[in-house]
Amino acid sequence: MQEEIIYHVDYNTLELNNPVMIVGLPGVGHVGKLVADHLVEALNAEKIVDVYSEHFPPQVMVKEDSTVELVGNRLYLAKTDKTDLLILAGDSQSTDPAGHYRLCDIYLDFASEFKVNRIFTLGGYPTGVMADENYVIGAVNNVKLIDDLKEKGIQFNPSEPPGGIVGASGLILSLAKFRNIDAACLMGTTTGYIADPKSSKTLLGKLCDILDVEVNMDALDEKIKDMDQIVEKIKDSVVGEDGDEYYEQAPASDEDLVYFG
Amino acid sequence: MQEEIIYHVDYNTLELNNPVMIVGLPGVGHVGKLVADHLVEALNAEKIVDVYSEHFPPQVMVKEDSTVELVGNRLYLAKTDKTDLLILAGDSQSTDPAGHYRLCDIYLDFASEFKVNRIFTLGGYPTGVMADENYVIGAVNNVKLIDDLKEKGIQFNPSEPPGGIVGASGLILSLAKFRNIDAACLMGTTTGYIADPKSSKTLLGKLCDILDVEVNMDALDEKIKDMDQIVEKIKDSVVGEDGDEYYEQAPASDEDLVYFG
Amino acid sequence: MQEEIIYHVDYNTLELNNPVMIVGLPGVGHVGKLVADHLVEALNAEKIVDVYSEHFPPQVMVKEDSTVELVGNRLYLAKTDKTDLLILAGDSQSTDPAGHYRLCDIYLDFASEFKVNRIFTLGGYPTGVMADENYVIGAVNNVKLIDDLKEKGIQFNPSEPPGGIVGASGLILSLAKFRNIDAACLMGTTTGYIADPKSSKTLLGKLCDILDVEVNMDALDEKIKDMDQIVEKIKDSVVGEDGDEYYEQAPASDEDLVYFG
Amino acid sequence: MQEEIIYHVDYNTLELNNPVMIVGLPGVGHVGKLVADHLVEALNAEKIVDVYSEHFPPQVMVKEDSTVELVGNRLYLAKTDKTDLLILAGDSQSTDPAGHYRLCDIYLDFASEFKVNRIFTLGGYPTGVMADENYVIGAVNNVKLIDDLKEKGIQFNPSEPPGGIVGASGLILSLAKFRNIDAACLMGTTTGYIADPKSSKTLLGKLCDILDVEVNMDALDEKIKDMDQIVEKIKDSVVGEDGDEYYEQAPASDEDLVYFG
């Protein structure tokens, strides 16, 4: 197997209202992944495509009911008043450089097939420092997108991030340009060291504003509380030296927060 | 060469009685490998397929008679009263992620060709701690398999192992689902640091019970004794500081026990 | 996508005057890259081909105007009195060994299509020591090229560099020989630890002399000053211990000088 | 380019007398490479095939006359009274596992095309200790070869080397078996830390005896002297602490001896 793409709907007959694609895959601080996963749950989105590939790790996850699920990415559909959201979420990015290019081409095939008007890729922007406030910076594949996004509070700083954007979030922007699809990358600032649901909430807020969609954020608030406790324990452990024990327990409590940059 | 698959029987004419596939390849604690290798010897199984692939290490092993044997995997057939066992055993897993997917597809071609009803993949479940007792946990690709396995003493814990299953043991389950073949992964608990024939014996006991097959365990008991001595020497060496010397000698005495996680 | 080659001119109809190809890609001390980038700017060269490939890192750079640019290489055309220069410049070399061979074949397709008479690949020659003076050593794919280059001050030392030449600079010479295109590699001596615009200036001086082309060097002089300040600060920081702080700031000031060997 | 195979003779018309293939590529202690390179020089062998491949490093070597030579392997022909030797020598083995398989298949195509009766692959057998005497151990792809080799003093120890044989030396044996060509691997014992022309001389002596060929060993004796001096200097440097300086100079003096295991 090279790739196994399983469609659960027929894109030829599916009628979508102003379709927009949202991409939130694992990455810096899992900021983008947490937003996409939250959107899928909060909007009760329907899974419409499964993507498996030999470019993903050779690994299965075990579900609550002890059945296995092959590592892969998934495209979901959430219908809202103003727009139909095609949300790409999943477990992994490519394990090798060439795979990134090939998988992003597959994701853009979805964008073409479902005739999306615009793509938003979501990610984290590592600052290296703990900050009370976080914000969202943007990059685009078409300069015309900037003004509207600025109005919604997205920051655009010249040539930032200085090292560019690595992985699907950036690649999709450039490859979408080859297909004449407008795309923006929205990055929530984060330390880069741990999963950051707080940054995800800020990012989700901006995204909802841009899309004119309302989303219940309770589950994300829950994750923020969990993460605050984890950080608190880590701080304690530096003093109390029970840090090792803590790390052992953390993953079991909430798998979505398992991220160490 | 990409792959070289050599059949020693013709699967079109071979008549099998309730064929079941057992997969025991190198992995955590070599728990699965030791079971498969033991089954091949104890049941005097016949080699029916050789699998060579450029995804295996570019390496040959040297046999007792100084002839070389290319690193590869092998499918064996052992006929028993209740069921015919197709045992996949071998020297290595893929050296690269994509190779895992491709090799597992080849193994499942065997399952299709020989019309197996069910697949059991065998592995180790690393706990990180030395334990007097070990047990077997399971994961499946069809929830219907669980009740029968539970009755035989296989434990099913929600979402366990937490990190999923890496390599052929897990991948075969998911890829078998694409072909509508029921498959379960049985994992013997083990430290994850050294080869563990004791865990293999527990796993083999459960497997025999599930398959209603009787297998002489003497050779495995022998390996357990060898390993106990090795562990004893390692413990001594920490005190006596002759540990280095020991490691030098160990591989020669019993190659099957050479495993350091 | 494997490769995406976008021509902005038609090589079948383009009439070139004595075309020579100059290759300056990232490498030791960025000596070659700095020369090629400078030539493009100073000669106001026109971009005629874009090269994208899955062998490049899966990464985009963000431009001044916050639009993204996919990592790739670019072929430029600069018309001068005596010769038309086809300058290959870019962001990266291949991430994998095989990719180097494939990309260099693509670059040589350009050489064939645009009917270049000669290729000069530019690189750095790491000496490991800081030196007041730097010079240019050469290697060729045709011994007939040596005398003319020696006359221009290029040094040829037997079997130097002792470890050979790694990457596109060397590979292009050998692969060009398969196509009967004469090619020389010119390497400016450099420490190998940091970007070295001073070495680039020496190299550019020799190249201009060989090509009988005049190029304004002001921008390169500016980079030399910047780099001198950076080195000065690094030296200070060893004493003043504010080095870490410094490194954080450096990349932002002039991205072309970000190179640590 | 994937592979570039350049024949300088036509194997359809070339008449060979009892052709035997000798393979001596870089590896443990460069023991095999030093023998093959010496045979080429001492027997004044003619180069009949060039092999280039993207599985080799993307690198060129610079020759005495400052022209470059692409990293690759070469097949040479040396005619002797009793047998015509096809000697495979070269700069590198594959950079990736799959490449080993593909390149060895190419080498065996030569064996088929030139109708060789037997293949000898040459390598080093790392013992980890300095020894006054060295010897040659063997492995074969056909048990019938052993008796004759034993008579010539090749040692055959059960299952030795314990870790098998990695790379072309072993792979060629197994892949040759698929083509029904008899092949033996002869390994000179060596420390595994440095190039070992002394082990090469022992190995060459045995090989000449097996092939009934006489070869002048002066150049190899020269290398042994050089290496003895290098080792002497290294020992001194441990006392005198001028070791670093020494290492800097060594490579330049005799490139064939540059090997650090």
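Read from first to last, the chains carry the letters A, B, C and D; within each, the first residue is number 1.
As a working rule, a contact is a pair of C-beta atoms (placed from the backbone, for glycine too) under 8 Å apart; a residue touches a chain by one contact, two chains touch by 3 or more.
Worth saying up front: this structure is predicted, and the values here are computed from it rather than measured.
*Asks:* So which chains count as neighbours of both subunit C and subunit D?
*Replies:* Output, common partners of subunit C and subunit D: nil, no chain qualifies.
*Asks:* For copies subunit A and subunit C, work out whether under half or over half of the interface numbers are shared, and give different or same accordingly.
*Replies:* different
*Asks:* Farthest chain from subunit D, going by mean C-alpha coordinates, please.
*Replies:* Taking each chain's C-alpha mean as its centre, the farthest from subunit D is A.
*Asks:* Nearest whole angstrom, what separates the Cα centre of subunit B from the Cα centre of subunit C?
*Replies:* Whole-Å distance between the two chain centres: 52.
*Asks:* Could you tell me the distance, in whole angstrom, between the mean C-alpha positions of subunit B and subunit D?
*Replies:* 37
*Asks:* Which residues of subunit A are in contact with two or more other chains?
*Replies:* Not one residue of subunit A touches more than one other chain, so the list is empty.
*Asks:* Can you identify all of the chain pairs that touch?
*Replies:* Those chain pairs which touch are A-B, A-C, B-D, C-D.
*Asks:* Where on subunit A does subunit B make contact in their complex?
*Replies:* 1-2, 4, 54-71, 95-96, 251-252, 255
*Asks:* For the complex, give me every residue of subunit B touching subunit A.
*Replies:* Per the touch definition, subunit B meets subunit A at residues 94, 97-98, 100-102, 104-105, 138-143, 146, 156-168, 170-171, 173-175, 178, 185.
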